[in-house]
Each structure stands twice: as C-alpha cells, then as structure tokens.
Amino acid sequence: MNCQKSIVISNKEICSGVFEMVIEDKCIAEKAAAGQFLHLKPVESNEVLLRRPISIHRLDREKALITLLYQLKGKGTVGLSKIAVNEYIDIIGPIGKGFPIESEKRCAIVGGGIGIAPLMQLTADLKAFGKPISCDAYLGFRSDVYKLEEFSMLCDKTHVATEDGSFGEKGYITDIFAGNLHKYDVIYTCGPKIMMSKIKELCSTKKLKCYVSLEEKMGCGVGACLVCVCKTKAGDGDSWHHSKVCCDGPVFDAEEVLLND
Amino acid sequence: MINTSTNLAGIKMKSPVITASGTFGFGREYGSFYDLSLLGGITVKGLTLKPREGNKAPRIAEASASILNSVGLQNPGIEVFLDEELPFLRQYDTAVIANIAGNTIDEYCEMAERLGSSVDGIELNISCPNVKEGGVAFGTKSQSVYEITKSVKRHSCVPLIVKLSPNVTDITEIAAAAQEAGADALSLINTLLGMAIDVHTQRPMLANNVGGLSGPAVKPVALRMVWQVCGAVKIPVIGMGGISTWEDAVEFILAGASSIAVGTASFIDPFAPVRITEGIVQYMEKYGYSCIDDFRGKLKVF
Amino acid sequence: MINTSTNLAGIKMKSPVITASGTFGFGREYGSFYDLSLLGGITVKGLTLKPREGNKAPRIAEASASILNSVGLQNPGIEVFLDEELPFLRQYDTAVIANIAGNTIDEYCEMAERLGSSVDGIELNISCPNVKEGGVAFGTKSQSVYEITKSVKRHSCVPLIVKLSPNVTDITEIAAAAQEAGADALSLINTLLGMAIDVHTQRPMLANNVGGLSGPAVKPVALRMVWQVCGAVKIPVIGMGGISTWEDAVEFILAGASSIAVGTASFIDPFAPVRITEGIVQYMEKYGYSCIDDFRGKLKVF
Amino acid sequence: MNCQKSIVISNKEICSGVFEMVIEDKCIAEKAAAGQFLHLKPVESNEVLLRRPISIHRLDREKALITLLYQLKGKGTVGLSKIAVNEYIDIIGPIGKGFPIESEKRCAIVGGGIGIAPLMQLTADLKAFGKPISCDAYLGFRSDVYKLEEFSMLCDKTHVATEDGSFGEKGYITDIFAGNLHKYDVIYTCGPKIMMSKIKELCSTKKLKCYVSLEEKMGCGVGACLVCVCKTKAGDGDSWHHSKVCCDGPVFDAEEVLLND
C-alpha cells in the first residue's frame, strides 16, 4: 500500500457542484485499476479528521495522470475543491478490488449521478480491450448532466435520462435500461443504493452477471478498522457476514451482497 | 545512547509505542506500509470466544477533531486469531497483546486460558461502549471490575492489563479496584460515549444510535485520567486517547504513563506510530534523557 | 408564521437560544456587539455569596477543537450582581438566569433567597470542576444532588434549573434525582474535566493543573447525555456543550432539548448566539415547522 | 466593539520568524490607539479554536492602515503568516486600554524582543506630540534585531543590546537602561515578564512613572470570560484582586500590578 503526497495538476468545477481533479503520480497511475479508489486527506487540519474515499475516474498510465470526479457534499469535498494547482494532496491508494473484465461479453454500464465516476475508466478499459467486447452506457442524472461526450466516445451507445427531463429521456435510467436488458451479458453499476438494487433485481431475473460498486463511510480505508462493512452472503441460505467495502470491495458481484438491509 | 525500551509489567517492548485495539486490525494492513518490528507492541482487535459480525453500518461518523465508531466487536473469534492471525504477527519482533471481551466472566476466563502464553499480554476489554452484553457493563463499577479482574487473573499466564472506561465518575476508584484484584497493568482510555445527528434526515449518524468517541478531541480528558490514575496506583499504565503527535505521547509519559497507544491517528496517517516513536527519540536527545524513566511522571504540577 | 418562543418550566423566552454561564459575563461586553434583546435568555457568570477572585492564571489553554478553563468562579458576589449588574440586564427584553455556586447547601439556599424573584430563573451550579469546595462535589452523587436540589427548591421563588456535570458514570441517574427533588428544569453539560501539558516546560498548561473542557470537541458527549436525559426525565432540558452552529443547536433540540445554550462559541464569534437563532428559524422555514415543539425530540432512532 | 473581516494588504517575513502584516480597515484605524490590540482569528477551522491577541504596531489613520508585528510561536501565528495578500482576516478590535501620554515629560520606551511591537505607535505618537516631550528607545533582543531604523527615526536616541552581542551592546537592555534612569520621567515597557519586573523595580526606586504592557492567555478578549487575569492592588496593604488584561489593560501603571506572582 502507498501513502504519499502527490501533486495536483488541475482542479476545476465542470458543472455546478461537480469538480474534476487531475493528479500526477507515477506510482498510483501504474498500479491503479478501474473501480479502485484513493483515500484522500482533503484538509491538513484535524478539524476535518478523516480521509475521504474518491474513485479513480480516469487513468493516463503513460503520462502518470489520475483524474477524479467529485461532487461537493460537505466539509471534505469542499476542502478538496479548494486545493490549488501545484499543491500537494495526501493520498493512500490505490485501494480495493476494481471491476473484473470478462472477455467476449456484451457489457453495459449503468451510472447514477456522481456514481458515473468509477465507470469512466472501466469503459475506457473495455474499449481498449476491443472486440469481441462491446459496451453501452446508461447514465441517469437528477437534472444537470456531465461527462456525456467522454462516455459517448468510449461507448457504443450512450443513453441518458434526467429525472426532470431537462436532458435526454425524462425519468429513471433504470427504466430505460430495463427495456434493453436482453442485449447484455455483464452489467456494471454505480450510483444511489436504490438504483443499484433495482439493477441487481433486473439482472437476477435474467441471470445476467452484475457488478455493483458500493459506498460506505470509511475510517482507515485499508481494512484495519472494520467500520465500512456491507452484508455479503456466507454459504447457503440466509446467512451472511460483514465484508469490508474498502478492501473486499468496493466492487462486488451483485449476487454476493445484500443491498436491502 | 538512547534506550526507549520499556518493561511493562513483564512485557518487554523496544519502545513505549503500541497500537490501540480495534484500530490496527491484526497488523496485516499497516504491515504493508512499514515493518511492524518498529513497534513496541500491537494490541489486536477485540476478540470474543465466537466470531462476531458486529453492529450495522454506518459504523463511523466524523465530529470535531474526532470520530464516533460503533463497530461492536466484529472479529473472527479467538480460534481463527490463534490459527491464522497470530502466526502472521509472530513473524515480527514486537509484543502482541490480545484484547478480549466476553458476555460473562466465564467467557473472559475461557479466552484467557485459550490464549495461554501464546501472546505477550492480555488486555481485558471491559469498556467497549458498543455492545449490549458485557463490555462496558463490567467496567463502570468497582466491584465488578474487581471480580472480573480477579477471576481472569487466575486463568492467565501472561501479564493482565485491564482497559478502563472513561465513562465513570471516579476513574481512580476503578483503577484501584483493578490493581487490588491483581491487574498487572492498566490501559486507558477506551472511547467516550457520544452521539451525532443528521439534522436533515433527523436520524443518528450511527446505526447503533450512539458510539465511541476517539481522536484528538478526547485527549485532554484522557490525559487528565491517566495523570489521576498514575497518581493513584502503583502498576504501570498504558496511556491512550487522541494521541496523534509525539508531543501528545510525551504529555502522557510526563503524566506517568509507561507506554502509550496510538489509535485513530493511524487512520489519518498510517505512519503515525512510527513518526511518534521517532519524535520521542528526538525529544529524549534534545533534553538528554537516556531512558523513558528519565522523564516518565516528571510533570511539575503547580 | 414561525414562533420560536419557548416556555422553559415557566420561564418565557422568545427563542430557545440562551448564553451559557461564565462565557457571557453579565452581558455588558457582548451587548456592545448586538442588542441583547435578541437572545432568549442570558445565564450570568456563576455567582457566590461573597466576591471571589478565582484561580491563578494561566486559566485557559487551547486543545483540539476545544479549550480548557480554570477560572474558578471569579465573580463580584451576589450583592454586586443585584445592585450593579442586574439593573443593566433588565434594560433588555430577555430572560435572566442566575447561576449560583456555594460551599455549603446553606450558602446555596441563602443565595436563592437573596435572589428572590429578581431573576427569571436560578441555575444551580453543582458541577463546576474548578473549585475545591462545593461545585462538582455536590453534582456527582445522586443522593447529594437530591438533597441540595430539595433544599434550594424550598428557598427559590423562581424556576430552579439544576446544571449537571458530565463527569459521571450515569447521567440519567443524577438527572432523575434532581427531578425527584423538585427541579423545574435541567441544564447540561457543564465542562468535562481535562488537562494539557507543555512538553518543554513539563508543567500543566493551567495553573490549576486541570480544567474544564468545552467547545466543539465535547459536543458528541454532550448530545449523547442530553438525549439520554431527555429520555429519562419529564422536566425540560437546556442542552449545551460545543454548540457553535445552528446545526449543532438543532441536533440538541431533535434529541429533546427545550432550549440550548451557547458558550465557548461566543469567544470565537461574538455573534454566534444570534447566528444560531437565525439558522434555527431558517431550518424551521425549510421544513415547515411553526414552533420548536414541532421538531423537538423528533429524532428517529434506529 | 467591532467584529469584522478586514483585508490584508501585505504579510511578509521581515526577519527570521518575525512577520509584518498590514491590514486596511477604516473603522479600526480611526478608533485605535497605541497599546491597544486586535483579537484575530488566524485560521477559519475549529482546529485552532481561539483568537490570538496581537498589538497594534503602527497606525496610518489617513490611509486607514494598521500594521502588526508578530513572531511565529505556534499554530496561531503560523496560521497568521499563511494569510495571503487580499485575503480577509476576522478581527475583533481595537481592544483595551492603551498607553497614556503625559505631556511635558522626558520619556523612554524599553522593549524586549517582540515586545517592541506595541511601542512603535507609542513613539510615533510621542514624536507627533512634539516638544516638550522627548523619547529615547531601549531595545533588547536575543540575537536577531529588527525595526531599529524605524525606532531611530522616531526617537531621540536609540540604544540596542543583544544577549549574544551580535549587534549593539552585549547583554541585557535593562542594564544599559539602568545607567540612564535619571534622564527620564516616564517609562513605557513591554517584553518578557522578567524584563518588565526589573524595569518596574528600577523605576520604583526613583519614583518614575512606569507603564507596562502585559500578556496573558485570552479567551473572549472582550472582558466576558475572565481567563486573562493579572493581580492588581486593591486598596492598601497586600490585598489585591484579579483584573482583566484584555479590557482593564493590557497597559497598566506598573505600581498597580503585582508582576511576581
């Protein structure tokens, strides 16, 4: 595991409340994979004590650049947004199990809001893999949309829905996705829990492989403190145990996790 | 030559810096950052007789200069610890302390017996605020602290450390009871019981409603208690609670602590225990101390 | 229309926001920043029968998101308060609560009698950690809390608020004792006992060695205690401890507090109590609450 | 009393560990007097919770500028030093009782280290008052010296001592001052407590008027919390009471305060 200070190359607002940060770090860029995350210290002071987990949005392994996409939520993300270009940011990472790529498959990614963040590098990897892998994107937003062009460049077809209908279809992206279910073998999803539950349900009716990227509040971020748990199936029947999102995930096989309690 | 070694009631440690139970797992994770042999000792995650899944998530919330946790003793059980975790830890030249918690005095005793002399010390956790049975219930009354300590002591063949809860009126009374019952050392503080509420959802931030407060915010309370206890008992004390810099560590040693433990600070800086150790050495160099006892308990009170 | 008024055991206040004893003097200083009539109430500096000079300086030290103080009840005595300070406060349309501390139960009673009905309420300070006699000694045992409350209640002709110390094992037990003895309301928390040490001089940072911890760092403990107490008693509770934003205040009200007090926060932002009041109003607007009781105690526990 | 955010015009290190900050604020500049101080919030975060008291070093009432001189000591002063030009700083002030000017007197100021800070505006005021007031400066430092030129421009004669002899006389400034005691009617002093005690003692032997500017740790800074006390004489004999440095001082008549306990 690494823990170091890396330099911030750019950090700008790309749409109201959503920021894109580019970090240069050879070590991280070399090791990182789609679906992993970085555990960042957003402000030096003890006032915001904990690190914040942010997914790897995009990797440029050659140039050693890592791009993050994050939404302002509270003190931590606001702190992140205030880091100036050429300043250093304290990072543990890359952490966690990323998205597995299954070859010769028709894939779809389903992202909700800022949940699209980890899916970008995944689509890039799928595209780089080339035929016979294909990938369509299903992106849902409340109102403001972002990153559509990049996704459409990397995907075969990009579907967009907004809850208020201000862009693309009006409604939930899950509904659009539901109609096209039969077209895919593997689904990757990240977004609000309720959306992921819905996708998981849809996939299980058709026995499609589905990977979910979970979020849970974190302490150490490295597997030592046990605060970031989710329920995963243990053996047969209803038995489960608590797995750590930070190191057993954040990406899980949807069939393995219990999302609804 | 500077000698940071510590003999904590028979547990020999090369430095007074230990990691606090529950914040360091069984060492594997932080072992990928640095050589665990750099540590004086490692206190492992609280163990129970049987595996436990702990409380529901969310189990952590952030507060001012602090965190609240409600893990609730998730652990693989003492057998898995002995079979799978302890051998890993034994690769390193560092003391291993097993933190144990039970629902009944018998469970504690059984665990102490199972541990035998496989570990260097046993830390009796009678102060976990996150479990219904056992835990803190044992730790807030002198009488029950006396009883459990006395019983477990009979079953342990390694030094017995009793970990005290800060959620009490008079910590010196509890400390004295533990000493009286035969504790070889004390460790304090465990977490303060706290709470946080999300004003928008109007729900507690922790699924357990309340949780244990740790981190820099609790340091003044921890330090005061360590100072009071060091003045009230003769057995050595492991000081902890909010230690995140070497200055914090030195404050506890000046107050009388023989060793100190680093908890929450590792989450923020994985290297915290190592940096703190280095800082203590530099402090000793600066003031010409050759061993910890040269400044331990040397606080000049007004 | 939003109505923030509060009736705290008969003390009518136009808002639930009070200033905490010892952090607001007798109002004069902060009265030069804003109109004191904006406040629900003012709790004045702890009063004693005779003037007191308090402890030696340094009396304050900073810690993580907190301060330690050891003022030790410096005050001009109850007579000067009545003659010189109260008339000043009475110019404003705000409730005045007298915080009183004594060495003996008789002193407390005598003060309550001297105050008569000149103030809107009396806050019984049995939880000051900074004085040897009286203060906290009365506040940590149910039996003595019961006795002192019962006695003073007989001598007070205005609502009697008992201020609880957080340095206890079970705050609900103390709270119940105060209620049982006739307290009209409770206020909590007073400061946590803490300590800080200068590693270079090797002396405590406070000339009193230890002091009372307050400020944002103590909020999780305070909130937990207020929530526990509100679930255990029927009399109204003034919640305090680390409140520095309106969100903090709302957390305490959701946990069940009828009023909240702002202490240390005023040192950092003199306008804190006013800003907090405004924030509460905005919160009520946002969620469509017309009075405090619409959301008081509405915490949805897991 | 005021509490506002004022703009920082400059903030630079003038010698190792000593900074000069210039603030523009009409309100403060108009009201402030030599010997008063500002209570500053050095960092926004709660991590450094308390404000920090810093004396008014220099006032330009016309241009509405206030200059502060401060030495790095801990988190607060380090925080101050990081405030960038054109940023705002949160200020309560001006606060406290400043230096009284007694006309037709021969004055001396005795400053030790950063204690010279509040004496600068005083000497400027004394000079502005003009004849028959005269003022000499006695400045003591450990090693590094600063602000000598400005003092020498405002004072009739400027004496300097360093403990290590690296500049001016070697030794304590109190010793040099002791030799010239007979030349003055009024002494103003600020510096380490031990130095001020010594000056007080010297002055009292000759019955010279002496004003000391005290330092004590502060909470509110406005007189409400009672943490910043010093002992002052109360009536006859040994009786004393606790006065508040923030509002009863920071400048006291040396005869009125007990410096040694």
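The chains carry the letters A, B, C and D, assigned in the order they are written, with residues numbered from 1 in each.
We take it that a residue touches a chain if its C-beta (ideal position, glycine included) is under 8 Å from a C-beta of that chain, and two chains touch if they have at least 3 such contacts.
Keep in mind that this is a model prediction, so the values were computed, not measured.
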For chain A and chain C, chains touching each: B, D
Comparison of A-B and B-D (more C-beta pairs in contact): A-B
Inter-centroid spacing, chain D versus chain B (mean Cα positions, whole Å): 47
Distance from the mean Cα position of chain D to that of chain A, given in whole angstrom: 56
For chain B paired with chain C, centre-to-centre distance based on mean C-alpha positions, whole Å: 33
Interchain centroid distance [CA atoms averaged], chain A/chain B, Å: 36
Residues of chain B touching at least two other chains: 64-66, 215-216
Touching two or more other chains - residue numbers and ranges from chain A: 46-48
Chain contact topology (line, ring, star, complete or other): complete
Chain A residues touching chain C - in the complex, by the definition given at the top: 46-47
Chain C contact footprint on chain B (complex, rising order): 56, 63-66, 68, 140-141, 167-170, 192-197, 199, 201-204, 206-210, 213, 215-221, 223-224, 227, 242, 247, 250-251, 254-255, 283, 295, 298-302
Partner chain D, residues of chain A touching it in the complex: 43, 45-48
In the complex with chain D, residue positions of chain C that touch it: 22-25, 28-30, 32-33, 45, 53-54, 57-62, 64-67, 69, 71, 74, 215-216, 244, 264, 266-271
Chain A-touching residues of chain C, taken from the complex the two chains share: 64-65
